[in-house]
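Same chain, two partners: chain A is paired with chain B first, then with chain C.
Showing the complex of A and B:
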């Protein structure tokens, strides 16, 4: 349980967004934004900021006014291909191309296709747990959370199991390289090249002789008679690693952190009733999700709260702030898996639910709503449930923890604990 | 995806190819740019561009950009940096593709008042104010500095001169002047990024409007030639002028080039005794020293330009609305243009010695970029039907004031033991010398 976030008053120096304290604990600043600056023009960073729940929701819903892409779909820009890790469908913005690519792959992560993967998630989680179960202790981040999702993806893609460790290594370099510049980028680019050299012949092979694996499905999936190009397939694999692997990895670590430190009293509830793992996931995605901000570009002048955001301005949508909005959730600064004002079930891209409750904003909403939402939820819940079932008396190794942080401002990345040591009995 | 690749000619003639489906046309602006200049951006982190080190001495950081990343995408500041002379001047001169936005736009107060500097009468009044008053204002300030033999050239001379001239130009009553100076400062500083200064600036703009309203009313219909009278009697489409229009006009034109260059000029002269000896010997050399100061230590480090539409330049596609940081500081020290650019040399041979006309290179030579003075004037150097350009006016005023200082204080030297330096009050503000203690 956390104390309500302090009120810092209206003074807000935009340099705070570059500070370590903001990386560590952005919530007091979020509250300032919501309460005093529902539309904040950050002249220091040349951007605007929206932070209230319904404003963030509204911007996500209104793709006509808030564009994900910097460039115009009919201009000379070769969309998506600007990303150093290959064509990236995230960058296609509001174009038809985005819808085309998204539709090709989106179906692979939900429904029956997802159910087909569930036994494999079980198996991989157990294998990962086997590696440390005799130790009596585990460092969750390196030994558990960062291991499961990437191995699942590697298996989904149908890569040989003996190459899994290599793939994990590439993944770690790629993720580090996704940050901005520095030696990480150079190493990330090398990992990218190695991975592409590795995967190129596979793409060729599976386009000719498709199997049941995800890579084959992506290679041959057709939408209106067109397939993805090999470049797009590789870009998608990179995206899968970052958006599918890294986020789920961090989500699992965050769930354990909250149950061990933020709300230890509710851990017993989850052990008693394992279906509550989905609630832990949902409340984590509200309370302190892996991704806190999304960038958009306005396509017109937008009047909000008495100010006007100009055309083609950069806007940050702080979904991490919207999730803590008192206007949407009661006691928003309390972590509570039994919360009755949050939609606890599966999310959807409309963000509207039959139970009339508000959903969390952690997956975004609308056209760019997370494609892997169902997959991430299943994977996190299964992996956590298995760990909790296989050991007894799981507890923090250290009484104090520095908490969840974002990596430093110039290395990019997602919010998670850097380390999380737990002890257990068999 | 089966259609044939279609070449697209970008606006600067670069032909790019859209992906043709098999990957062979796979070429991207960012990757293209990175490969072209060997960029991986590891040589700099964008936070360095807003760091305290940059605030004090921006030149080493800018050199990294200029030599490695000529069009640097600063993801932290959501902007692009241009640092080479030709690039900076091309964007600054390119009205078709880029625009400058007013200080009122940065305030978010575009309806507050009208900038009337485009009126010939207003321009003439400002020019007359500078020409007529610089002599006696400078003489007065220098006499004050001589009273007890020590003074601060930055505070008592460079900072006071433009504001005092402005007060004379406005024919402001003596009793209102100190208040006006404070309001003017706050209004100018508030157009930056700091929220607190912005709030004070908004209040100061309102204060200035209030200060000028009665003066405008009183002088309307009068014969006065001061700036307030000229504005009060201007025939305007949207109705007669108000105090807010005076405030807006003063806000958009500013004091920074005169104040900053004068302070930087004297900082450089006093710390380069050999160059000082040259400059003080005659008026022409003092003029060259001033021009060299504009180049070597420009007080306005950079200008912000916004892309009017998606445009391809510098191997990149710049999105509509992109903020271009045109760095005069970097461009003015571009070794492609100036030899030994970090050296302060009063009679530089590779720099244009007269005012550039219509373009940045007159006589085939580059001149220091001074954004505060606008683009090079397209009018004759001494036009018959209009005042000289702002570039010439400010230059002549600075040189006249400096020569007055040389003549009235022949023994002028830096106070013992001081080590003056240049800095900005905060990142993005004027880069100048704030303390320059001297013995007069």
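Showing the complex of A and C:
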């Protein structure tokens, strides 16, 4: 259950966005934005903010008006040069280059290709659980959620298993480098260069003698007769390890936090019916997803709700706020895995569903919709289901919890609990 | 040659219209709307074939 979200009234001081209070609990400010400032011009940070469900959805859908890229594809900027991942699709907007790179790899994480990896996700989850199953307690973040996705991805890529601990270190530096601090960026870029040196000979080898692993597939995948350059392959591996590892890691932790502290009554339902893990995933992605904001730049003057956002303005799409919009969901501040006004199954890039229900905005929508959406869902559901099946009477170790913690520079702006101690019987 | 969408099979994944906006656009319900009546150039045919390949619902066909 949730506390009712307070009505703060129309007065909004933009410095609130820098406050610890907002970082910890952004939802009252989100409500204030939706109710009183559906188009908010934040003059202090020189940006505009959209927060209602259909406005966020509309901006995600409207590629003509909202571009993700900071730079033009044909301009002087050297793509990848100052990004922790190197050349990768995150820097490209709605260009042909983005479409080409995305199409080469997008098919690797869905459908039969994903199904082929499911037994391995099972095996890795069980190995991770084996390490603490005799302890009677587990700190979910460090011992479980952060251990599964990175091992799954490095295994999919066919990287040596003995180096897994090194990959965990690299991806934590890479993710920190996505934040805003100079030293974090410097450390992230160094981790990137170390990783590239490590992976260079593997790319060369697998391009010559490709195997069944994902790295080989990326090296030799063709779209319109072209392959990725070695630099693009490396950028993609960095993206996979960091974005794919870290976000899924935090998603799993958020699921457990909400089941243990927000809705312990519904944990019993999930134990009785394990297919409900997919609902837990979906409702977590709505109620408090790992990523709350996406950024866009306007390509023209855009009239919205009686205001005009100017051309080349920076716009924040608060998907975390859209997900709590009373205009889209009933009792939006209640965490409920049985919610009947949310599309519970697999997500679509279009955000439109045949059951007529609204989907969550947690993966974005449209051109830049999360590519790993199906994999994240499967990994989270499988790992959580196995843990719940292998122990009995799983419960919080401490009655109180500080809650989902502030996104900080160190966490790349992603939301998750810092620690989550649980106890269990065998 | 024409592109045909089977709306019973289509589950509105969006793959066709986000990858090939020159050929498809999303209608008000989320289904793809085909923008080109006749595939009269080799690039369009190639794009239509790509869209057919990647459609997760196997809802796209190309007919003479």
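Please note the rule applied: the second predicted complex is superposed on the first by the 411 of 426 C-alpha atoms of A that agree within 3 Å, B and C clash if a C-alpha of one lies under 4 Å from a C-alpha of the other, contacts with A are read in each partner's own complex, and residues count from 1 in each chain.
Rule of thumb we're sticking to: contacts are C-beta pairs under 8 Å (C-beta built on N, C-alpha and C of every residue); 3 or more make two chains touch, one makes a residue touch a chain.
Not measured: the values here are computed from a predicted model.
Annotation: superposed three-chain arrangement on chain A; chain B versus chain C shows no clash, the two fitting side by side. When the shared chain is aligned, chain C comes close enough to touch A:367, but chain B does not.
Once chain A of one complex is fitted onto chain A of the other, the partner contacts of A:297 are limited to chain B, with no touch recorded for chain C.
Of the two partner chains placed by superposition, A:162 touches none, neither chain B nor chain C.
Once chain A of one complex is fitted onto chain A of the other, the partner contacts of A:197 are absent, as it touches neither chain B nor chain C. With both structures placed on the common chain, the touch criterion links A:348 to chain C but leaves chain B unconnected.
In the superposition on chain A, contact is made by A:111 with chain C only, not with chain B. Looking at the superposed arrangement, the partner reaching more residues of chain A, out of chain B and chain C, is B. Within the superposed three-chain model, A:99 lies in touch with chain C and out of touch with chain B [touch as defined at top]. Panel annotation: after superposition on the shared chain A, the angle at the CA centre of chain A between chain B and chain C (CA centres) reads 100 degrees, nearest 10. Between chain B and chain C, the smallest C-alpha to C-alpha distance in the superposed model amounts to 18 Å. Those residues of chain A whose C-beta lies close enough to touch chain B in the complex are 11-15, 18, 41-47, 70-72, 75-78, 81-84, 87, 180-183, 185-186, 189, 226-227, 229-231, 297, 307-308, 310-314, 409-410.
The touching residues of chain A, counted against chain C in their complex, run 61, 63, 99, 103, 106-107, 110-111, 224, 348-354, 366-367, 369. Within the complex formed with chain A, the chain B residues making contact are 1-2, 8, 10, 16, 18-19, 21-23, 26-31, 34, 40-42, 44-47, 50, 75-79, 106, 108, 192-196, 198, 310, 312, 317, 319-321, 323.
Interface of chain C with chain A (complex): residues 11-15, 17-19, 21, 26, 29-30, 46, 50, 54, 56.
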